[in-house]
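Below are two complexes that have subunit A in common, paired first with subunit B and then with subunit C.
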Partner chain A sequence: MRSDGSPSAPLGLKVAAACGLLFLHLPIFLIFVYAFTTEEKSFAWPPPGLTMQWFAVTWNRPDVWEALSLSVRVAAISTLVALVLGTLCAAAVSRTRFFGRETISLLVILPIALPGIITGIALRSAFSLAEIPFSFWTIVLGHATFCVVVVYNNAVARFRRTSGSMIEASMDLGADGFQTFRHVVLPNIATALLAGGMLAFALSFDEVIVTTFTAGQQQTLPIWMLEELIRPRQRPVTNVVAMVVVLVTLLPILVAYYLTRDGDQIAGSGK
Partner chain B sequence: MTSAVSFQKVSRHFGSVRAVDMVDLDIVPGEFFAMLGPSGSGKTTCLRLIAGFEQPTSGSISIFGERAEGVPPYRRNVNTVFQDYALFPHLNVLDNVAYGLMVKGVGKLERQKAAEEALSLVRLPGYGARRPSQLSGGQRQRVALARALVNQPKVLLLDEPLGALDLKLRENMQEELKSLQKALGITFVFVTHDQGEALSMADRVAVFNDGKIMQIGTPEDIYQRPKTRFVADFVGSSNVLPPDFVQRYSGQHRWGSLRPESIRIGRAAKGDGVAARLVSTNYLGATTRLALDADGLRLHAIVPAGAKLPREGEAVVLTFNREHLHLMDEPG
Partner chain C sequence: MTLTATQAKPAPAVLPRAGGVRGALSDLLWRKPKLLLLLMLLPPVLWLGIVYIGSLFALLLQSFFSIDEFSGLINRQFTLKTYGDLLQAANLDIILRTVTMAALVTLASATIAFPIAYYAARYARGRWKALFYLGVMLPLWSSYLVKIYAWKLILAKEGILTWLLAKLHLLWLLDGWLSLPVVGGNSLSVSSTGTFIVFVYVWLPFMILPVQAALERVPGNLVEASSDLGASPGQTFRNVLFPLALPGIVAGSIFTFSLTLGDYIIPQIIGTSRLFIGQAVYSQQGTAGNIPLAAAFTVVPIVIMGFYLWGAKRMGAFDAL
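Our next item is the complex of A and B:
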């Protein structure tokens, strides 16, 4: 350990780190740049000219709006389903002991560990076995499988940090189950749920693999983008949409990060 | 007169574990009642049975004459001060204290006034705006007390109320709880594993072991006249004397107990003293505790500090007033 030496890293390491970061983020930067290019057939570097016209074009394309609206609706409903189911499951697992508790905990987390393609194929064959036609709701179900995990993980961590005697204290002071949930449980897990919900929303919003297997003719935004890359027509429109997707998913994740960080501080100072 | 709390043959089993086993108990209204016992003796389960967090497996419980089985905690006029205080971290002190009134639908101004009064009662006036996390352990304890008392419970339950406090604070709180109980006239039931706490605060003490009550009595009863070997040993670490030993001094073949402070230490053999050897001395400040070996029987004596003591390993003679030798119910 070099605890007495200078805290500065050697130059070679700095260059390597910079290269690594560039490798990660330069392509994203390029996506942004191509949203402004004047060339519409191929992505030529450097862009022959810069223009804002693609934003207007995108705004006027109804297929973009359809895909965006479908994605937002799917993400919102999946998140809602996940919030209810994830919280209930987390409460059961962290509050009580019962036979098979560990197994249930594992089974709930499994969908996020499983490759999306497995979840997708499994759901698709299950849907066709049960003769359920593909629809908006099959996409929601597919997304809910992994959204539940995110909410569950956040809620379970918060439940573990909140003292169980708080619920008893509330009952002791005259609050019934509903009042206890409203005045004690919910305020204590609210930030965890908000964080989990935002993360779930972001996950659902840019999901491709499971969606390919569970959607019929409908296109969510990521699927639409995939199709669009194959057909070279007004290509920069895809880039404009990509920028929107980045913003829509990045902001909730950032907010979620700050919310849970705050929650940790509150829980930590409570001793 | 109806009892504040009455247990009739109450049992609470968890699987094969008999946490509480056929307990009969009557707590008099207005008394300060202690449930004393080692961990796992069933005292806390008894408290939770009164609060309503547990339901009896069999037997019946009544609180001021009303049957309590099946009545949920929120419909009992009983409040609890929890061991970890269980304050709500998302509410400030005033809202914590006013919580019970809030869920009962008392208006905002009225409940805040009542909460302020309760805070003054526990000597924390003006602390309402703070968060529980900004308070010290002793202050949190007072808030928990105010939060329970603001509901004007008929019975106040305290689960190891002083367990987490340091010695000095604990002594202050003991006196304060005692005078608060006298002033309010509410029945206090508290659980503790500290026999000193139970003896100094309670009007009556129930000593628990293995889910059963071994003895109920005034602190003096429990201390001076233990009924069983367990009580003698647990309360004040009395010397438990085997029947053969007791027979020599009392003529009865029964287990006996002798308080360590009743033993006098002499150097020369005289009268009917017990020959013993001093094993070790343990300086405790106001007193000194001696470990003695009387022909294989391990005895403890407590002598005032400053008394002239023999050296460790030296032969001594023990004498005691025969009246201090207490015969227990258990036959030999």
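Our next item is the complex of A and C:
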């Protein structure tokens, strides 16, 4: 690092970096404007007028509510499964060295490293070979599988920072294994688990590629949106739903960032 | 010596055996750490092993089946015929188109990502650093479909881009570009250019983060030393910064390349009717009902990514992840 204070960047670099960030953010802001447009049939810009009526229309659409409720239920259950599996795996991998340890971490990362379509079609062909009908649980099965990795990443990073001697001290003072877990281990990893859980929820809530293969006729919110993108029925409703989805996914990310910002690895840096 | 007499009996060095099932279980796990390890590993390994690896094997198995062309039923006999079908001109065309797109998207992402990553790594401090980090993180985690939808709004014929170009009196440029073969089309939202832009947009954050991580590790005084020794900024970039950032770029390209190879939603919503690998897989398993061919198609990105990862590992890209 330089010793003479913070250097100032060349103008060209500043401009290029700013343009890059604008490129990343402007399209998302545009969604917020379109949610208020009075134009129904096209994507005309600038919007001919602004209105709040589409929020009421969307509020009264049962199909949107059903899709939303399915998405929330799937995301909640998948997050729970991922929390249990991810924490167990992280505890095992970070506490001890054993044969096949590297393979375990690879196994956890694989579902997110391979393209979603491969995970999706693999699950579908397994369901069809085993003759399992599509249900709520087939969606959860897929989602939990790729959510494990975000919980695992956060938990491993936290385990690495907490010292194992605390557990030994707790045992020396007479606590049994369960008391140690409840009063020593859990408080130490709680925020990492919360952050991992938030990210897992956001990941599952937004997932569409794997879901198209495991949902059958059921509609999660992303599948509802995909249908609207391919065969638009009422564009303003889609605009409103898109805006709500952005807000719903951003809140967990901000919370997860806030919970882990002092650590050596910040939540969400790998999706 | 009355004091010692009133003192309580000292605690035994070894605690008595804990009572109850819970205590016994706790003692057992403490005494046999291997059992604890096994119990911890069993659920995740069973889940991932059965659900995920099992499914991948089921998929691989299917690619060696074939479809009966008359009845449309799947013939469960080992054959390489399905892989032969993959080599038909139309299918090779799909593979070539997807790989070309993935390569172009990777190059463009690296170009756009570098200044952002470099600024964030070398110049941003304190609050700005956090802002840059969130500035990359929020688009990364924003809804994938909403991002695509936003671009549908932007690229539409009546959308904001056309409006902006009209204000700048540059519409002739857009029309000229759209009249070109291959990259052009009726409007940007039904052209390969549109597909390309959306791919770059959606995967860009995946490139920025590893490049930034690699650049964070370049000591600032290396850049100063280079300019002290008389190198121009361009020479410093070529001979110092770029080689040191390369593992990060390769790490990021793993994501941009792999994600482009497997995506079927972006080219379906924004782009021409010419298929990409992901779309071919989707339509083969869905409407065509030819699961063996769909399975064989998915083996293509797996093999390509296998070679890619092997090459990336040799370049040390995994340390930059």
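One rule holds in what follows: the second predicted complex is superposed on the first by the 251 of 271 C-alpha atoms of A that agree within 3 Å, B and C clash if a C-alpha of one lies under 4 Å from a C-alpha of the other, contacts with A are read in each partner's own complex, and residues count from 1 in each chain.
Keep this in mind: contacts are C-beta pairs under 8 Å (C-beta built on N, C-alpha and C of every residue); 3 or more make two chains touch, one makes a residue touch a chain.
Bear in mind the structure is a predicted one, so any value in this text is a computation, not a measurement.
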Touched partner set for A:257, first subunit B, second subunit C, both or neither: second
Which superposed partner A:183 touches (first subunit B, second subunit C, both, neither): first
Contacts of A:171 with subunit B and subunit C, given as first, second, both or neither: both
First (subunit B), second (subunit C), both or neither touched by A:144: second
First (subunit B), second (subunit C), both or neither touched by A:163: first
Contacts of A:56 with subunit B and subunit C, given as first, second, both or neither: neither
Per-residue contact with subunit A, leading partner among subunit C and subunit B: C
Touching partner for A:209 - first (subunit B), second (subunit C), both, neither: second
Touching partner for A:121 - first (subunit B), second (subunit C), both, neither: second
Touching both subunit B and subunit C, residues of subunit A: 171, 174, 176, 266, 269-271
Subunit B residues within the subunit A interface of the complex: 51-53, 72-74, 78-80, 82-84, 86-90, 99-100, 102-104, 132-133, 147-148, 151
In the complex, subunit A residues that touch subunit B: 163, 165-166, 168-176, 179, 183-184, 187-188, 266-267, 269-271
For the subunit A and subunit C complex, residues of the former touching the latter: 1-2, 6-10, 13-14, 16-17, 20-21, 23-25, 27-28, 30-31, 34, 42-46, 81, 84-86, 88-89, 91-92, 95-96, 98, 104, 107-108, 110-111, 113-119, 121-126, 128-129, 141, 144-145, 148, 171, 174, 176-178, 199, 202, 206, 208-209, 212, 222, 225-226, 229-230, 238, 242, 245-246, 249-250, 253-254, 257, 261, 266, 268-271
Touch list for subunit C against partner subunit A, complex: 15, 18, 22-23, 25-27, 29-30, 33, 37, 40-41, 43-45, 47-49, 51-56, 58-59, 61-62, 112-113, 115-116, 118-120, 122-123, 125, 130, 132-154, 156, 158-160, 162-163, 201, 204-206, 209, 219-221, 224, 233, 258-259, 261-265, 268-269, 278, 281-282, 285, 291, 294-295, 298, 301-302, 305, 321
